[in-house]
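Presented sequentially are two complexes of chain A, the first with chain B as partner and the second with chain C.
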Partner chain A sequence: MIPFPLIIVLIAVLGLLGVGLYGLLAVRNLIKIVIALQILGKSALLALIAAGRASGQVNLGQSLALTFIVADTVVAAIGLALAVRVRRRLGTLDARELGKLRG
Partner chain B sequence: MAGYLALAVILVPWLGALAVWWAGDERRLAQHALAIVFALVTAVLSLMLLPVVSAQVVLSLSAGASFGTFTFVLDGLGVFLAIIAATIGTLAVIFSVDYMAGEAQLGRYYSLILLFIGAMIGLVLTGSLLLLFFFWEITAFCSYALISFHNDDPKAVSGGIRALIVTQVGGVGLLAGALAIYSVLGSFQIGGFLDQAEALPPGMLRWMAFGFLLAAAAKSAQVPFHTWLPDAMEAPTPVTALIHAATMVNAGVYLLARFYPAFAPVGGWKVAVVTVGVVSAVLAAVMGLVAVDIKRVLAYSTISQLGYMVYAIGVGGVFASQFHLMSHAVYKALLFLGAGAVAHIIGTRDMRQMGGLGREMPFVRAVFLVGALALAGLPVLNGFWSKELVLEAGLGGGPLWAYIAMLLCAGLTALYTFRMVWMVFYGTRRSEGAVHDAPLAMRLSLVVLALGTLTSWVSAGPFGQMLARSLPFHTLDVASTGQIVLTVLMAWPTWLALAIVALGLSAWWWRERLAKFTSRLRFLARAAAGDFGFAWLDEAIVRTAQGTAEKLSLTQTGQLNWNVLGVVAGLVVVLVFLIWRA
Partner chain C sequence: MQILIGCLALGMLVCAVMAIRANRLVVSSLWLAALSALLAVLIYAMGASRVAVIELSVGAGLVTVLLIFVVGIAGDEATGGKPLIPRAVSWGLGLVALILLGWFTVPLVAPSPPSSQPSLVSLLWKDRALDVLIQVVLIFCGVMGILGLLSEAAVATVAGRRRAAQVPSAGTDSEPVMEEGRAQL
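And then the complex of A and B:
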């Protein structure tokens, strides 16, 4: 079996998590927010697989990861669809404009 | 089998709510028809519960470790209130066909009513205190949303919000009581609690007893939380008849009756219950004497009659209180629907602009008179028997001052009832315009309720036996209808009460001769018109809640980035907590 450098995977997980959270916090473009969400998701995905390997339940980890990929795709699709609707309706992709919505 | 029936009687009206919503506001006929059909099916299902009444848990759904088991018990108390909610709900829906004829957004209206009927039935049938709390809150929400149904009218909106906030105070009391039970017994089961109540630490039991009294007072509009009920009169009248006369406001009385065996030994609790009941009954009756809005008069009278029920529980007459609840639900729904028909036809609720309407609407006058006589407590109608039973229970088990106050209150009841009937249907016309009698659907509901008012007391015996058979923790001495009739007629307090009622009547008859005396009471009338100053308490509660909400709304920026920051901060808190625990 290939040796398993857990610490490297953990660093990658935390790194992706940081990038994703930073994106969500700082970015205002809706498309970029969806991308940040994706990066955040990938960090969770990696964490699932690593957790499966580390706890010896590889099958469980991988099946959870597959389930997550499906859900993640739906999130991305709906997020982008919403972004398209917002752009058509308000003429902008700025998330701050959404806060002023009334009715 | 019985378990599925219990589930069906809750879920059918909820399905109906979805169906009416799905039909869409363009198909008005379909919405009327769907609402009536689903309400009727619910009423039939609720009547099918009668043969399966027992003290057993008929259905238990596991809801995970932290919520306990959701159980349903079809005992006499629950089934009887479920039948009231379903049948009066059906009649209110039928009445609405005419009443809401010109209104928009029927989908919202009927869906909320059906949602309410299901929640009310769930509230009384569940054996889990946590589930009871959920249903309790759903009924509070439906009440709020229906009071504010005309959401372009600021009075309706503020009335709804006030009702919601004040009943929430009671909801918090209920939740605290439920959590206290859970912390001691590790379960939310009402039956288990009643079984082991004596083993609980007395301090804990005392907190719960008074917490539940608070919950009941807020829900049943008792002093000092009563002012939300008159403000709730902005709701469409069928809603008022169903929610604010026949069902939801009875939830507080139901709560007290349900937990009476556990709380009765708590020192001072019974006296507190009696005091709340007596003060509410008397003050509300006086306020009913000076109100000029016909629905407000009926609202004060509802508070007053709920006071009778609370009083009956305080003196140990659980059966008398539930019997009065049944009578009151029927005749007060009749009175509200009758008042709604009048107000709908002549276009105002101000009694000063009515008068002499009896000639043009003989039908409404006839059924309204039946309800009014029952409210005043005149013989043969259901209100007479139940009020006498309450008063007899009070003489047998309560303090004398409370009995005398309630006796005088019966006279006040007769006085304000006849003042109302006179101002609306007799005397001279004080308004212009063509007036016609009630249309068909309204008549149908009114006739059924009038027949109920005339005859529902016949079921007193079987009803009492049903309660006695299925409530293992209550001690009820019950008799057949014949025996009840005999005891009531043979007892001197009955005749005393009738004399007081007659005194109230004659006070209205000779009101001109008493003018000198009544002018001395002007200060009392002014105080009553101002709610005896109790409004400030509700006002304070509402203002505090809304002020806090206003301040907290600053945290809702609507900015996505801030919300994400909140999520991250929450995550950090959870992580820190986990690391600290590890």
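And then the complex of A and C:
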């Protein structure tokens, strides 16, 4: 098997995690928040595969990654559907407007 | 090999930053699709070919189609102004999280030799059969949730409310306007 530079992959995981976390905290558009969540998800997916590779259990990492892809996609779909509902009800995608909801 | 992995990692980071920084949502979605495609190539290079194919089709395909579909429905609205959390605090929290995670994970990078492992099919359908069942339930719940969220017709739109508010005589005259707003859904 070709020796794999895991440290580069780990740096990519950390970089994606930082960008996704920053986007989650700093962005106000609901659809962009879903995009930031997706970036965080890509980071976790890469970490799972890298962990499986590092421990010599690539198939275990693949099976965990498959479960994660399903959950991540469902989260994205529900989040986008909620964003559409918010847009229809409030007329905006601004997350700040959600603080004005009552009842 | 290291150069290829380094280029892929750098490209992924650039795509992630551009997906967050782009002003238009469609452009952000396309950068996210490019990130997924590069991630699929990287995963393939790591030997997880099946997950790479699924990531390419789901991450770069299905999620991108969903995003562009939603942008088409909700509109490409640019939300500027002050963020919910100050940018300095966001950067600080992100950096602290990165440093902590790097502090704990970098010492763990010591590849162990590949050991005997069961096949992916055996892992999925025997060892993790309950997880697969939960995935099926999760997909079903996701589909039902989306259908429930998007098909509820008894919601007055903002336009319908504004039109109803503009009608001077209250009572029966405002009802057709509200019904018109509901019918637009």
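Please note the rule applied: the second predicted complex is superposed on the first by the 103 of 103 C-alpha atoms of A that agree within 3 Å, B and C clash if a C-alpha of one lies under 4 Å from a C-alpha of the other, contacts with A are read in each partner's own complex, and residues count from 1 in each chain.
Keep this in mind: a residue touches a chain if its C-beta (ideal position, glycine included) is under 8 Å from a C-beta of that chain, and two chains touch if they have at least 3 such contacts.
The structure displayed is predicted, hence computed values, not measured ones.
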Item checked: Overlay on chain A: chain C relative to chain B, clash or fit -> fit
Checklist line | Partner chain(s) touched by A:V70 [first = chain B, second = chain C, both, neither] | finding: second
Checklist line | Partner, of chain C and chain B, that touches more residues belonging to chain A | finding: C
Next item on the list: Return first, second, both or neither, reflecting whether A:V9 touches chain B, chain C, both chains, or no partner chain.
Entry: second
Next item on the list: Please indicate which partner A:L98 is in contact with in the superposed arrangement: first for chain B, second for chain C, both, or neither.
Entry: first
Margin query: After the superposition on A, what does A:L21 contact: first (chain B), second (chain C), both or neither?
Written below: both
Check: Which value in Å is the smallest Cα separation between chain B and chain C when the structures are fitted on chain A?
Finding: 5
Notebook entry, point to check: Which residues form the common part of the chain A surface touched by chain B and by chain C?
Noted result: 21, 25-26, 28, 95-96
Next item on the list: In the complex, go through chain C and note every residue touching chain A.
Entry: 1-2, 5-6, 8-9, 12-13, 16-17, 19-20, 25, 28-29, 32, 35-36, 39, 42-43, 46-48, 50-51, 54-55, 58-59, 62-63, 66-67, 70-71, 73-75, 77-79, 81, 83-85, 87, 89-91, 93-95, 97-98, 101-102, 105-106, 108-115, 117-120, 123-124, 127-128, 131, 135, 138-139, 141-142, 145-146, 149-150, 155, 157-159, 185
Check: In the complex of these two chains, what residues of chain A are touching chain B?
Finding: 21, 24-26, 28, 33, 95-96, 98-101
Note to self: Residue numbers of chain A touching chain C in their complex, please.
What the structure shows: 1-12, 14-23, 25-29, 31-32, 34-36, 38-39, 42, 45-46, 49-50, 52-63, 65-67, 69-71, 73-74, 76-78, 80-85, 87-96
Item checked: Residues of chain B touching chain A in the complex -> 557-561, 564-565, 568
